[in-house]
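Two complexes are shown next, each including chain A; its partner changes from chain B in the first to chain C in the second.
Now for the complex of A and B:
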């Protein structure tokens, strides 16, 4: 061993002053690698874009069904839980189309990596596995935003009486909040995915997470329509930050200073969810054992 | 006849195998049962929330909608016990397990169904029956001699519709090796079959009745027990739709298998 080591000095090695520089360029290289994760996922999604044409149709159908269900619920009345019928239509359309953007399968990807053991290889690579997954999710999100959400929204506006806000603050607020919806949803997905380290078959957990996110984020029922005690509980959970809060801003139910408040809630949850991610990731690295092989 | 015994024997063997793998991961079994029930509970919450704000949904009372939901859970439970093709593309096409399946004597689709059975899903069906009994009791529904046979037949027909639709969609993976994201999206849509379809507009009604007939796995057959005259004829049509869609599914599947060339490697 020492014999082999003695050869290393003879190999071309940058002199000291450049050593710092190379560490710097190493960092830049890593950043480039993360950007490549975004780019490659975007291109992969682009290659399979046909799937998303059916996706747009099906999301439009989802909006349609929810729209008519709410119409039947409204009947003659004109306000429910602080929503007018038009606001509800907009809320339904915007929420589903936001989901078209923030939705991803990071949880499934991570638990597949864990179950088939390929995560071991990814752990020894010189990047942070979780961060790389988030970047892949971002690439997917960018694709979904451009080729799924925007065309889908256009179709929904043609078909249903959706009323988009005119105030630029609502638009700006919504777009920023949408990014946080994506981040928080992806964080929840990563946490769910990493749970496969501790419960080997986390299929049930993933299914449960999916349902809980859809229901408790306010996608299916706006949170203000839940019974009082339940909406109180949901207000202290992170899920509302995914759909309900941005949707409230965009339907004009929250305006002015209120936008900063709801944005603050999103930032809080984004920061708070980083902690379990790091803890799980650390514990997971200690625990890794590959099933089968 | 011997063929039938052969297949029945296979079911038993696969089930034994399932139990053995399951006992390795004991905790998962309960996680899955609980997650299934929670899934049903969240759907139930939706109905309760809706009826907090209205007395009737398109002329259907809360108990009627809950009854329909109870019925909906029964065929869905049977279907999700025996048919799980969620990761067919990755597992059988991309990883090439289809080759192994095709070299065996039993029918390929039958093998794939049995390799993925999921008996805990049946618990949801039991819950569905309990819901039907309770809400049916509150509605004062009569219990006739034909109630149970009709329930069994309509359940089987609804399972056939599910199986047909999902088999047809799954066989798309024989044509494109790309992961099709259609199945999870379809999964969302099937839930709409348990609300009174008459609240939707014409296009969606036609879609849910004739194109992707999820109305036949929920509201139409349940209407028979609820004595909803306006939908009785649709309820009686369920077996026909079941036969047609199962036929389409099997046809699409067999055509797909003929095209299958293996993924290489």
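Now for the complex of A and C:
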């Protein structure tokens, strides 16, 4: 506090208490603020929940299209790339429903903030912008989990022959991995969004990211079905950690110790992606250019 | 003690240049050309604690860029800068605890939630203890008459209502320095004067330092004892408002209303020998322009004894006109005194 030279005790305002106690409660308050970001986003989403009823329909349709496509591909055969027909149906349904949870528009929100200049408001507040955004994403994720993914899954189970696992480890592993799917996907979104600092119009980057995530995460085609060289490449990229790995656990293709291994891959990517986020954020601060005065 | 210290502050932006035509667009695909724009050109000033300072200039003069550097949003290209004892861009999160910012054209409240919920969230963000917050909120709500608005969502507020809420949002954590970027833009006269009164009181009671940019010179006249005027990224005037008026006021105008028809020639005859200019709309109303060197009383003395006068009004040159004429000449020094420096300025590299 020695830096606050100009605010001598003679100032007409009482100086802010700086005791250890108040600093501690200050930290708790800031944590409260981050929790509020989750809560407020959740409530805002709830206010616009009608939008998500159509979402459930669209996701169910997507599952249907994929289900019938795969059914045609399988024909009379019983195994493809290590997937049985039933496993594939379950994989498709679970992957789409996982997407219903982890998907968010943080990339778009961040680049809008940057492009219309409202990022200025974010930078006059004593919190970390990226962290606050992640919290808002979490609020959205919780909403999507409860009001989008779960009812959507129920509908998908009624319509398609989805086989749920019986092993508790598959359920527990899947739920934990789902959280990491959300985190990794959000991190990629944040990185894409922050690119707006460097590219005047990052619309193309965002679209490319969306296609890449959907394709390379194994949402459309499971990674084991890609040609050998490509699946080798995809195994060292973060995208498989979003859909393919949790899906493999849930369909029972990965079991026992394997669950810990794939969880380890997710944790690794979660930690690794923090680095570009920080670097990009720092570089962005240096060259920030607030649009529109 | 200075609340704000700025020395040789500069901000340069790199801007993409778009070349003309199809060929140019194609060339842009492979090799971008950039152009450097210097928005703020090595400015230096200091604002002592407790002062209200007006920061004025035309659009694009560099006002907002300066404010954004002072508030820690932008990182300067070069120069030194200290606000409230901190270097804003270095310790942003700690520094902003101590300042309040209102951008007239951007809202800092959350659009979809109630006003009071926004305030509660800001309380947590700024880590204000509950009791302090309550006291401060009550005070502000009463002073700005917001009681009925607290539970409404922000999107349902009028601009004037929202602006008052924005002020509260910027002040809840009791900052010692307040930055206002066009706080009265688009507001009606009632709200404008309400906000001005409020700012004046706050400055008096809490000793809050205020830096304000505005296009509304009435804001300046009502609030500021000092003005810094900016043109093309440079400070062209820094000093008292009164001084500015005295230096730039070219003269006064006196309006007469007569009880009897009085001819213009007669008036001219009466003031013969004095360098004044008469004009008249009709025979009962006349105007005389008196340069600064002459005393108004000399002119009045000549007229009052002879004419049947029902009303007299003396008009000083207003700030609007002063500012306009300063911009036309490009320097706040009086044209004849500043001829040298004015020339120097025009020979420098053209405005990029």
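As a convention for this text, the second predicted complex is superposed on the first by the 275 of 293 C-alpha atoms of A that agree within 3 Å, B and C clash if a C-alpha of one lies under 4 Å from a C-alpha of the other, contacts with A are read in each partner's own complex, and residues count from 1 in each chain.
By definition in this document, a residue touches a chain if its C-beta (ideal position, glycine included) is under 8 Å from a C-beta of that chain, and two chains touch if they have at least 3 such contacts.
These figures come from a predicted structure and were not determined experimentally.
Colleague: Tell me the contact category for A:207 with respect to chain B and chain C: first, second, both or neither.
Modeller: first
Colleague: First (chain B), second (chain C), both or neither: which does A:43 touch?
Modeller: second
Colleague: Please work out whether A:55 is in contact with chain B alone, chain C alone, both, or neither, and reply first, second, both or neither.
Modeller: First partner only.
Colleague: Looking at A:68, would you say it contacts chain B, chain C, both, or neither? Reply first, second, both or neither.
Modeller: A:68 sits against chain B, while chain C stays out of touch.
Colleague: Touch test for A:215: chain B only (first), chain C only (second), both, or neither?
Modeller: After superposing on A, A:215 lies in contact with chain B but is clear of chain C.
Colleague: When the two structures are overlaid on chain A, which partner does A:127 contact: first (chain B), second (chain C), both, or neither?
Modeller: A:127 sits against chain C, while chain B stays out of touch.
Colleague: Touch test for A:164: chain B only (first), chain C only (second), both, or neither?
Modeller: Neither chain B nor chain C is touched by A:164.
Colleague: On chain A, what residues does chain B touch that chain C touches as well?
Modeller: 47, 200
Colleague: Would you pull the chain C residues touching chain A in the complex into a rising list?
Modeller: Chain C residues touching chain A: 1-3, 13, 16, 49, 59, 64, 68, 71-75, 84-86, 89, 91-94, 96-99, 101, 103, 105-108, 110, 112-113, 117, 120-121, 123-129, 174, 176, 205-207.
Colleague: Along chain A, where are the residues that touch chain B in the complex?
Modeller: 47-48, 50-52, 54-55, 58-59, 61-62, 64-65, 68-69, 71-75, 77, 80-81, 199-205, 207-208, 211-212, 215, 220-221, 225-227, 230
Colleague: Give every residue of chain A touching chain C within the complex, in rising order.
Modeller: 3-8, 11-13, 16, 22, 25-27, 29-30, 32-33, 36-37, 40, 43-44, 47, 117-118, 120-121, 123-128, 200, 285-286, 288-290, 293
Colleague: Quick check on the complex: what are the chain B residues that touch chain A?
Modeller: Contacts found on chain B: 25, 27-28, 31-32, 34-36, 38-39, 42, 45-46, 49-50, 52-54, 57-58, 176, 178-182, 185-186, 188-189, 192, 195-196, 199-201, 203-204, 207.
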